[in-house]
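Structure first, commentary second.
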Amino acid sequence: MRPGNRTPAQTRPISITRNFTAHAEGSVLVEFGETKVLCTASFTEGVPRFLKGSGQGWLTAEYGMLPRSTHSRMDREAARGKQSGRTQEIQRLIGRALRAAVDLKQLGENTIVVDCDVIQADGGTRTAAITGACVALVDALNWARGKGLVKANPLKFLIAAVSVGIHNGEAICDLEYVEDSAAETDMNVVMTETGKIIEVQGTAEGEPFTHEELLTMLELAKHGIREIIDTQKAALN
Amino acid sequence: MRPGNRTPAQTRPISITRNFTAHAEGSVLVEFGETKVLCTASFTEGVPRFLKGSGQGWLTAEYGMLPRSTHSRMDREAARGKQSGRTQEIQRLIGRALRAAVDLKQLGENTIVVDCDVIQADGGTRTAAITGACVALVDALNWARGKGLVKANPLKFLIAAVSVGIHNGEAICDLEYVEDSAAETDMNVVMTETGKIIEVQGTAEGEPFTHEELLTMLELAKHGIREIIDTQKAALN
Amino acid sequence: MRPGNRTPAQTRPISITRNFTAHAEGSVLVEFGETKVLCTASFTEGVPRFLKGSGQGWLTAEYGMLPRSTHSRMDREAARGKQSGRTQEIQRLIGRALRAAVDLKQLGENTIVVDCDVIQADGGTRTAAITGACVALVDALNWARGKGLVKANPLKFLIAAVSVGIHNGEAICDLEYVEDSAAETDMNVVMTETGKIIEVQGTAEGEPFTHEELLTMLELAKHGIREIIDTQKAALN
Amino acid sequence: MRPGNRTPAQTRPISITRNFTAHAEGSVLVEFGETKVLCTASFTEGVPRFLKGSGQGWLTAEYGMLPRSTHSRMDREAARGKQSGRTQEIQRLIGRALRAAVDLKQLGENTIVVDCDVIQADGGTRTAAITGACVALVDALNWARGKGLVKANPLKFLIAAVSVGIHNGEAICDLEYVEDSAAETDMNVVMTETGKIIEVQGTAEGEPFTHEELLTMLELAKHGIREIIDTQKAALN
Amino acid sequence: MRPGNRTPAQTRPISITRNFTAHAEGSVLVEFGETKVLCTASFTEGVPRFLKGSGQGWLTAEYGMLPRSTHSRMDREAARGKQSGRTQEIQRLIGRALRAAVDLKQLGENTIVVDCDVIQADGGTRTAAITGACVALVDALNWARGKGLVKANPLKFLIAAVSVGIHNGEAICDLEYVEDSAAETDMNVVMTETGKIIEVQGTAEGEPFTHEELLTMLELAKHGIREIIDTQKAALN
Amino acid sequence: MRPGNRTPAQTRPISITRNFTAHAEGSVLVEFGETKVLCTASFTEGVPRFLKGSGQGWLTAEYGMLPRSTHSRMDREAARGKQSGRTQEIQRLIGRALRAAVDLKQLGENTIVVDCDVIQADGGTRTAAITGACVALVDALNWARGKGLVKANPLKFLIAAVSVGIHNGEAICDLEYVEDSAAETDMNVVMTETGKIIEVQGTAEGEPFTHEELLTMLELAKHGIREIIDTQKAALN
């Protein structure tokens, strides 16, 4: 039996709290069980130099973990003077996924910076971050449309993400830390609300996996993401 | 009239929430009005090399602001590759103040790292951080005593902090952002529960201030800190 | 028609030259068409501190591009003072993939560092790097066994990698630069000689992709990797 | 008795040598006993980008210690690749204090950079630096006025600084190293020639201090600064 | 007898391969025996800001060693986050020497960046780099003239370099690693095809050397460089 | 005529002041005309890890310029976060030259760090630094012998340095800034008191130079260094 008596296909309780902090144009606390990530979307007029005059906007993402979001304290990246490879990998993933959901032409020459900061970690921080960031992004876009800074809606579709994996030979959905650290295979999937795939990243941590296992994991991901997108929609209404 | 109809001597509503996150030995969300700081105290056995064999413990503090804790987004220090002078100044202050409250001999060869991360900023983040960190420290020390890792109580006294300043020619207590950014003088005071002074840092941002103004500000600080320490005690019971 | 008159399923000519440089225990120049990567495997006795006494070895990988391996000159990372997120992502991928192929217990307390340096880039540098690095690794392990530094063979299986993608709506294998930069979807696959999967990383650069497209790409990858592993085996005999 | 047979209120011999080096617009060697700091003020036309078109000038300060200005050699900050928190704290203090003495509107769109480099350290380097830098600043402003680059005199008043502290239970003025390293409380005070306060920074290094001790220290500081400002004036005539 | 049965005055076999890689405007693999350096010259229109409007061009050089170009693996400078003093010293030397060979006025407002990357090291990498870089530079200039980007030929003369030294009391030319690491004196000489000197850097690694030894070494260098320049000319025809 | 009415062979007035600062084991202010460099030699027991147990000592040097030692202010290297290539080149030269003068076996397992900090620059800072550092080194060695930390005298010979160059077609000795910045050729020479050569670094800044010019410059250097060593000896008596 999984912790919390979950079935293999079951995600943890997902919770999305909008307007969690006061200043950002979009600010969301997303919780996947005990994993809690604060996602803010900051809208500013103007674009980086390489896009000036292109008529096109820009969206980028950054990710961080509070030093004691984890079981034992991690070094603070600001104090060490650089972001780890893992951090950079995750923030590149978040940015890439969100850019796939936005029509940058429609955004006009404006910039959105998404910050995902892990307050408490229990596995799946990157998939929670993508899920929460998408909602913060919607809020920031609506804010900009309300101000007349953006005309048409640049959002192409909602996106959400979940992790799946093989644990004790069984495919499971939305791994928490104790499962994640013992999984043979770990896969993160980002999908659209229309069921298409934006990103698949599957890694054999222990034994290589088979084509069949890949298909089973994909099935679980599809099902989990559908539920998560329902939660996003409920939060947005 | 001050924002929120406060009198000059009045602090903002102070709230202290213990056990805000799950992993740290002490974890406190402290709120001074709209300023919200997450303070964790991480206890680990052992000390840095320069103290090995000394029989004495170590306590250090780090401070950070989430990029969108502020009105407009700040660069992420981890991405820029260094902590600003302001950040270093504040974390040195927090560490110094907390070390004054702890008998490092009684702590034994153990280390406490305090992390103060600003979730939302509205003035007074350093004084809120010291106030919240002291409570997180108490929790971490009690955790360690419960585990038998520390014998006698290393805490010498509670400490708390508040900012005072001269604004429009009048001395006021616990400045929020709109006041702070327009104040002629800004002073941070850290005191013990017994009314003694640990740190005084007064700076003329505009006009130099007089000896009398200094005394008036000190009086406000003393009064404000007394109330804040009452809030700490209530939270700890 | 693809450049070089390739069919969709066809890889570029793959060439593997062993002993390309003199000093490394394994040194391989791998060519996927015009993409040329020098892969060296350096064997040293001893392990990093966190593994001392564990009886287990360590393997890590680094990746770099010569500044003018690309169409226009890139900044030298050593001069800029940091490795880009892309570089770190790739070297983490290479290291993870190779570790999956090695029994670190059998390696004993020894360390292998793999360096993959791109001499000339034309798309698919990371998949070429993994493919060449695996051969360099085999040479370094054989060197170590010849010296009696390693007893049993730590290699579990050969691994190789190829990129696949959707380009003009069609799935194609081993994308060269002009294809890669215009592809809607880009996927890198690492597999074992036994046909199992070690890593799948699929990214929608433009439109999201469907489950069926994913399956078609996987099929191409499986077929391409089988051929690449034949080339590895031929080079090793 | 204090070293050098000083009374508690007595500063060390203060010496101010103008035109100590040839190139800077203002160049002062300031000596507080054995503490020797070279302070240069560099005047350049133009301001940083954020002030362009504001009609307002800028003043900033940097601080450093020669590696062997201290009893045992310190690491060179340029070689370590970053300035310590202490260095940043001190240079921020120097810059803040000098800006309080200057009407930046009157300075026009010009920049003054003050460099304070400790040649020999024996306690009180930051207060010596502020004292010497003020004289270098006056020389640089006079140079600029002589050249017609600045019209009216931007200097509002002279400023000077001194350290005070509690040592063996007694308040003393201008602590040298052996006193400073054993003091229970250390306080740096910056004042104007009109007796107003620009900065007060008091820290309990050992025991917290009382309101009365604070007042006694302030009294000593006021008296010491008055004498130091007389020395500045003598040097400037 | 020297390794390879060389006479004291004899250089190693020198080989120069043009068009070694595809993208650079000039790309040369230079080999001095077992020392192999890839030299690329990248031509771009425009100059750094400090030269804009001057009508003058710019040329700069960078140098690096692949981590396993050496007997035991060196740390990758990009991963350590900085270039060593040795690297910077060498790349400054290469840039200075090449600039002496080019009329920057004739180059017009264009920039050439030369990259010298050591593929395999066996002593004399800096002199091989200068020699190969000069040929890559010629190719890049010819490319630019072919495109009409540069009018008259900016090349003033060919340059080449060789190392000489005192080893076992005897002056020898073009030291390989085993000689270099045991030499008492090591001298690098850069000369023009007309026999004039561009750079002389002689260092006593062990015993100081005499005026006569300096003259003998210079004689060997002159002779060696004459041959190397013949090889350059042959490669360019 | 040269500035200061010097003949081509004449050095500027050289002055060497020992015990310039209080803490270092050797502390020398060296002046070559208006060039002023503070050289300290710090003696500590023990050696870096790579020499432990070797019975051999270590000597290293660092170099810096105060930001306003120059005509216009230079960026502070500590603030920029790295030392320039020029700085590293110079400090490597100083260290290499001094190591040639010391028998590291006789030094025993002790370390000397030499710091050369330019207070005021007017050309020839590196040659002044070597000259002053040698005297500081002698003082530090004598201090150590007085304390019994070093037995026999590790100093093999005094060393000194001077710059020579070709300026307006004429060879001159000890170039000051206005000469240096207009010289066609610049050469730094380090020699022993016995007239042997430790380092020769000649660079064509403009036109390449001839063998004959090299010989003339060497002659000037030899003569100049002989006088400088006399000044060192006078200072040491």
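Quick notes on this one:
Going by the order they are written in, the chains are A, B, C, D, E and F; count residues from 1 in each one.
Convention: a residue touches a chain if its C-beta (ideal position, glycine included) is under 8 Å from a C-beta of that chain, and two chains touch if they have at least 3 such contacts.
What you see is a predicted model; the values in this text were computed from it and never measured.
Path length between chain A and chain F in the chain contact graph, taken as the least number of steps between touching chains: 3. The chains in contact with chain D as well as with chain F do not exist; no chain meets both. Under the touch definition stated at the top, chain A and chain C share no contacting partner at all.
Rotating chain A by 120 degrees superposes its CA atoms on those of chain E, with the angle stated to the nearest 5.
Taking the CA centroid of chain C as reference, the farthest chain centroid is that of D. Taking each chain's centre as the average of its CA atoms, chain E and chain F sit 28 Å apart. Look at where the CA atoms of chain B average out and do the same for chain F: the two points lie 50 Å apart. Chain C and chain D have Cα centroids lying 58 Å from one another. In chain A, the residues that touch at least two other chains are 81-82. Each chain touches its neighbours in a single ring, whose members, counted from chain A through chain B onward, are A, B, D, F, E, C.
Those residues of chain B that touch chain D in the shared complex are 82, 85-86, 88-89, 91-92, 96, 100, 187, 191-192, 194, 196-204, 207-211, 214, 218, 222.
Residue ranges on chain A touching chain B, taken from their complex, read 21-24, 27, 34, 36, 38, 40, 42, 44, 62, 64, 66-73, 76-79, 81-83, 87, 113, 115, 117, 119-122.
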